[in-house]
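Two complexes are shown next, each including subunit A; its partner changes from subunit B in the first to subunit C in the second.
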Partner chain A sequence: MKAAVLLIGLLCLIISCSKDRNFDERELHLISPEKIAGFDPIQASDMYSGNEIGKVYEGLFEFHPLKRPYELMPNLADALPSVSADGLTYTIKLKQGVLFHDSPAFKEGKGRELKADDVIYSIKRLADPKLQAKGWWLLDDKIIGLNEWREKNVAAPATTYDEEIEGLKKIDALTVAFKLKKPYPQFLYALAMPYAFIVPKEAVEHFGKEFLNHPVGTGPFILPVFQQSNRIVYTKNPTFREKLYPSEGEEGDDKRGLLADAGKKIPLVDKIIVDIIVESQPKWLSFQKARADLLEIPKDNFDSAVLGGKELAPELKSKGIRLFANAQLDVTFFAFNHDDPLFKNKKLRQAMSMAWDRGEANKLFYNSAAVEAQSVIPPGLGGYRKEFRNPFIKYDLDMAKKLLAEAGYPNGKGLPAITIQTRNETVSRQIIEHFAKNLEKIGITIKVGMNTWPELVNKVTKRQHQMYTMAWGADYPDAENFLGLLYCPNASPGSNGSNYCNQDFDTLFKTATLLQDGPERSAFYEKLNETVAVDSPWIFGFHRTKFYLSQAWLKNFKFMEFNHSQFQYLNVDLEVKKELSKKF
Partner chain B sequence: MTKYIIRRLLYMIPVLLGVSLIIFILFKLVSGDPTAVLLGKNATAKQMADLREQLGLNKSLWLQYLDVVKSAFTFDFGYSWSTKQEISKMILQGAYPSLCLSVPAFVISTVLSLLISLVVAYYRGKGIDLFIRVFCIAGMSISALAYILFFQWFFAFKLGWFEISGFEAEFPFVISYIALPAIIWIVLSIGPDVRFFRTVILDEIYQDYVRTARAKGLPEVTILLRHVLRNALIPIITYVVIQIPSLILGALLLENFFSIPGLGGMTLNALNSSDFPVMKAMAILSSVGYIIFGLLSDILYTLADPRIKFN
Partner chain C sequence: MKSNSLWKDAFYRLSKDKLALCALFIVVIYFLVAVMSGAGWIASSWSQEVGASNLAPSLDHLFGTDIFGRSVFQKLIRGTQVAMSVGVAAAVIAIPIGVILGALAGYFGGWVDDFVTWLYTTFSSVPNIMLLISITLILGKGIFSVYVALGATSWVNLCRLIRGEVMKHKEREYVQAAGAIGGGHFRKLFRHILPNVGHIIIINTSMQFQVAIKSEVILSYLGLGVQGEPSWGTMIDDAKLELVRGVWWQLAGATIAMFLILLAFNILGDALRDALDPKLKGK
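Let's look at the complex of A and B:
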């Protein structure tokens, strides 16, 4: 009896220790599936770090939260830049009165105004060889004098930031000019990426090695100290400038209620609470308990959330939860290592491609929601032609057998077993097993090589693989970012892990990358995309779809591939939240 | 005894040298070149070469090994390659959540298992003994993952008694986050603990001195608590104390599922990102932990059994 009373008492104590929900403040509850290393923009190589950094830091430009196709708009810049006739000089004027967050790094702890010097300093930081920024590739060999400055500082005991660089000029206190070595049409995209977000020199110097834990930006939210924890809490930046919610978007956005906050000062929420939850079940349960306002549906819970792959489950619908399905700018693939003489045989590559039943794979692994990749460019980017059909991705065993025989391996005779390297994840393994089962039908034996992420990267960069499987997500909305994966000069250890080299492709690619966005460049991209499709340097997989659930009280959510600045536009309807929370 | 302790502490030197060597060889064999992972998907060959130089990976193997040895003896682990955070700070930040979970769970599970074992030993061969044995084996046969998934779904989600996941350092809120994973830890530990403790206690129960005590008319409870338990303590101490260093390392699965920012997750992240300094720090700290707690269990032997003398 005593034990039972004690147990009940303990239970009551535990339950009473839970915090009550806050309905007085507009709190946005988000989930991040990965830990954040720190808040240094130049190291923000993954989407999740970028999302956190984007809450406190800002770039000169950002993607419009509503317009599609993605469109850049000025952020810290006052307007889009003026570009010289030769496309080599970009002059950018900064907004007046933009303040950095208050921080002990500044005199009297008050954030000072953003200046052109800060832009130059931040770009130099990205190039600083001592810091080994993960984003250096964006500006490598692009700005006049920047590589030379970097080289000079490699062996120097400390980097000298005071030295002037020809391609990075301060015109006046609020104007900066970039001089490029050659046309770089993706330059503005580069400036919109978290790597190029603006940091103040004082904070970097004041906090030293601890800078990554003391973010001091100009962004809409503040986080005085970052601790390696599973929860990050941001509060509204009280000195944030007058930035308004956009009053125009894509067609239909008005009807979807996405313009209801047009003209309102952002950020629209008082606080953002980000919980880092790695595993699927706690993510799913937290969302169902209304502990999160937005959730990318975990694969394991897809069937219970979305019926028949389309309809939201009635139980979720009754709580006002909404479903969003969005095509991603990505591509999955099995890459051949073209260094291997075996894969110089085009017919073998094509035969393998045609023996894979992508329809079944789509059903098994992507809930039939993915788009079969005809080539490398995903839908939504210039260079993707909806009508184009790659004849070698069609599932046709007879044709595959015929091609295999023509390749010199009738029924797979004489062909050694092929090993595909992958990351040791269940789904990756299952996809290869499905592929292997399919290829067995034409007499090809596939083996799976499981690796930790470092092992896989090492094998690919050192060309110690026969084949490997991976997915590539867009860094910016330009097909160059995908086509570059097959460009010979990018071969391992670069991003062309298949070491594919095709002189015609390379010549065409080089020309295309110098062109500004427009029909001419799109035509080049189309040609590249379709040429490479037939050559089958990879076995093309899918362009995947992301499924999100949002609570009824979350306003203004629209899927964004490049969403580091999206959170300032989101809103929470407290009345709806109070009312609907009773149902959870 | 002091001499013995000093001697044992001196043994740490060759052990740490050996551990450093093993960590170093394993890292060199398994991880290969970490720069590709550290610099991300767009790294250039030049950048990788520069980073190798900066990280000291171009130094001779002998010098690189000496760096590991230096860390092992100075406990200066430097900065993480992947997060750029100071490792000692990372360890301190991760140790608190790990210990918040592991210490109470470990203490409760050990005491509870010992009590159950005594009861089982007391009723050996009877229904209750059989029931608890079957219960323990059944409990051990179910995977830890199944317990975690079910308990989290049922107690946290369905009944709402606990938080689903997360961690709050502040007291008393920490309780609602830690209670459920601690309960799962206890449930998972009881099976193997009870089986081990029961075997050890039963080994003692059939000894001559127990028969003598019974012949003298001592009550069974007194025999169990005063004589049997005391003599069974040596293997129990070894079993319990040697588990203590692993408490600091945290419980990887529980930390992952309950989003507890402990050292288990930190070590796993380091493995996945070729973060050698963090792996090195964790390996060195755990080997030091094992040496110290091994020594502690030796000292405890003398308290449990005064016949044991240090020579």
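Let's look at the complex of A and C:
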């Protein structure tokens, strides 16, 4: 009897295993490498939560999925806003007939139309002191009256959302006007971030504390209830508005087949299945078994996937798998603490920079795929000039020795050991060990300080470090986000952890950031980027490259730095999938 | 028949046990290596490049080279120095604390005992690795913190054992006799009782030694241990990423080095207990 039960059980298992590939519906299989905290946009501080939230919620603007450099386009807004001449008032008209998902929060369970009030409500929610939104920094001190409203509600027993705010006005049922305190050209980027996605008041009130598990947005996919598990399944939103796949992109996009779906109604897939897999080995195996359509190659598996750092391994190629290598908008660096009198010595900074063999580091740690950073701004942003070469990042031991002697420390004599703080993670440690080994050659002793991530952040914000190393990734596609790392008023606890101060730089930076996007601003950024490079405020590292693998049947994938809205544009070719699945 | 003293008898038993002698020999070798490395006679040039990055083991490089082309064999020797020094330092700190607290608690009883019992139960109720991590976070990183952290956490077991033994012994006739001829507390405790429970310290130390080595490896693996010096823990941490690329020699080297010394201490500890604990005699 027992044996029979066991046998039947086993049979069921085999049948269920073999039947898990669905060729009738367009299913998109993705992997999220981190657990999702919940679906409340104002708390989406990490990229992975942002990616999930972007499937159900939407913002007023989004980044164009194909155009590069990144370009904003209207999403819930009907068009790009009209901006007043002084750059302070943004008037935004909303699209007509955008519906929220059906939900018990609404009357009769039917989603109602999106209105200007929802935008105002969502922005106020971001500022609500009771909610402690993680994204508040985005609008802190930006909109007239919003900070005052926040202050007022700190002590109040409940936040009063009814009060009108000068800088946040409803013009008519579908039009909102934002009034800013001072020019903030990055404002629209802020509105495109998940923090500022639009939520309906009814759902927040209906679900209360459970709101973060009951997403009710306007987005292309629905998820009635979110449960903490290892799998999230989204289905196509049946009441989604008429939104079409773009018909233009970057040059060459049509050759790459990225425009094949132009003019089609999105979303293009019926279902998205996200598996949450933290460990890199199961991720890799899952992709190899075709249980995932897209994979960011885990560093450990790089060598078995990409031969010689360039060519896709033949067994992957034979299955139609494609490789995408994409420069990221980021920069890695060793920052000096400019509070330390030692590092006021420019020649010392330059000597240290020139003693590091970046070519070897690139080979050892980035599979030779990273770009050596000449200065702060990464390629792909206005202000980066391809031809610019920073003379002080060249590996030249003789020159480094000469500079060190001129700095007053011939052969490192008289120079104390320098401690660099980093994360306690294998590669971070190895990078400093490599740096230390290089600098030993000119007589400088480097020590490693290992920290947990919060510890490191704490040391940097409290200025308790001599040097530290980190990487900075773009929040939005504007070089201001990078140059600001060297702006004096941003010194710790702000984002300028090196506490670098340079008056000329600051004056120029202030002028540049008030300008609207355009060639004039780019010229300013270029000048800032190149003058500051020579001063060696940091030891510049690399702009890194991310590697993705995609299955042959995944269509329309193009690397996006800000990818929370990307998934609605992806498509699955069922014919190809059926055909190729035999090979897995 | 002439009877031998406990120590003489123990030594005789130990010398009969071939496996234990073998273990003792390994331990002595490790100590010698550690001392020679500490004095700078061997492996002082561990940080120099000896070849290309990640060379496989060969006659030139016994355990291959690491990512920066340094000799894994020399790093292993430096790691031995770190591991053994941690064992010794932890013992030097833990034994006095454990013995003194345990002896006082066992001998005096009453509130002293209550206090010491409370102290060590509190210590042992916190998971050891958590305690280690928090101590190294407070003291800052480095080998000194590892010494202190391990010393401060590994006295508990010894303290408990000594307390129990002292309780048992303080009622014995020889202690009463010492009291009767005018011996004070101090004399009774340190001249009479302690020498009779001394074997516990030896057995316990050899057991604690391997715990200390293991903990150092774990802490260094987590990035909380020694900084800028090779340790078996950091070598295993390096190997974690290299293994998928087929670079197995760092992991193998560190594991073998660790395995041998831990096994040796285990066998030695067992043999010492057999030899020294009168209750186990003849079994």
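Basically, the second predicted complex is superposed on the first by the 565 of 584 C-alpha atoms of A that agree within 3 Å, B and C clash if a C-alpha of one lies under 4 Å from a C-alpha of the other, contacts with A are read in each partner's own complex, and residues count from 1 in each chain.
Going forward, contacts are C-beta pairs under 8 Å (C-beta built on N, C-alpha and C of every residue); 3 or more make two chains touch, one makes a residue touch a chain.
Just so you know, these numbers come straight off a predicted model, no measurement behind them.
J.: With both complexes overlaid on chain A, does A:Glu248 touch subunit B (first), subunit C (second), both or neither?
T.: Neither partner.
J.: Under the stated touch criterion, which partner chain does A:Glu425 make contact with: subunit B (first), subunit C (second), both, or neither?
T.: After superposing on A, A:Glu425 lies in contact with subunit C but is clear of subunit B.
J.: For A:Ala436, select first, second, both or neither according to whether it touches subunit B, subunit C, the two together, or no partner.
T.: In the superposed model, A:Ala436 contacts subunit C only, not subunit B.
J.: Please work out whether A:Glu455 is in contact with subunit B alone, subunit C alone, both, or neither, and reply first, second, both or neither.
T.: both
J.: Considering only touches as defined above, state whether A:Glu315 meets subunit B (first), subunit C (second), both or neither.
T.: In the superposition, A:Glu315 touches no partner, neither subunit B nor subunit C.
J.: For A:Asp172, decide between first (touching subunit B), second (touching subunit C), both and neither.
T.: Neither partner.
J.: Is A:Gly494 touching anything from subunit B or subunit C once the two structures are fitted on A? First, second, both or neither.
T.: first
J.: Under the stated touch criterion, which partner chain does A:Leu364 make contact with: subunit B (first), subunit C (second), both, or neither?
T.: In the superposition, A:Leu364 touches subunit C alone.
J.: As a test of reading the superposition: which chain, subunit B or subunit C, is in touch with more residues of subunit A?
T.: The partner with more contacted residues on subunit A is B.
J.: List the residues of subunit A that touch subunit B in one complex and subunit C in the other.
T.: Looking at subunit A, the two contact sets intersect at 455.
J.: Which of the residues in subunit B come into contact with subunit A in the complex?
T.: So the residues of subunit B in touch with subunit A come to 30-34, 36-45, 47-48, 50-51, 54, 79, 82-86, 90, 93-94, 149, 152-153, 156-157, 160-168, 172-176, 179, 256-261, 265-266, 269, 271-274.
J.: Can you list the subunit A residues touching subunit B in their complex?
T.: On the subunit A side, the touching residues are 11, 13-15, 17-19, 35, 37-38, 40, 43, 45-46, 129-130, 132, 134, 136-138, 140, 154, 209-210, 212-213, 227-231, 275-279, 281-282, 285-286, 288-289, 291, 452-455, 457-458, 460-462, 472, 475, 493-495.
J.: Which bits of subunit C are touching subunit A when the two form their complex?
T.: 47, 53, 67-68, 137, 141, 222-224, 227-228, 234, 237-238, 240-241, 244-245
J.: Can you list the subunit A residues touching subunit C in their complex?
T.: 299-301, 303-304, 364, 424-427, 429-430, 433-434, 436-437, 440, 447-450, 455
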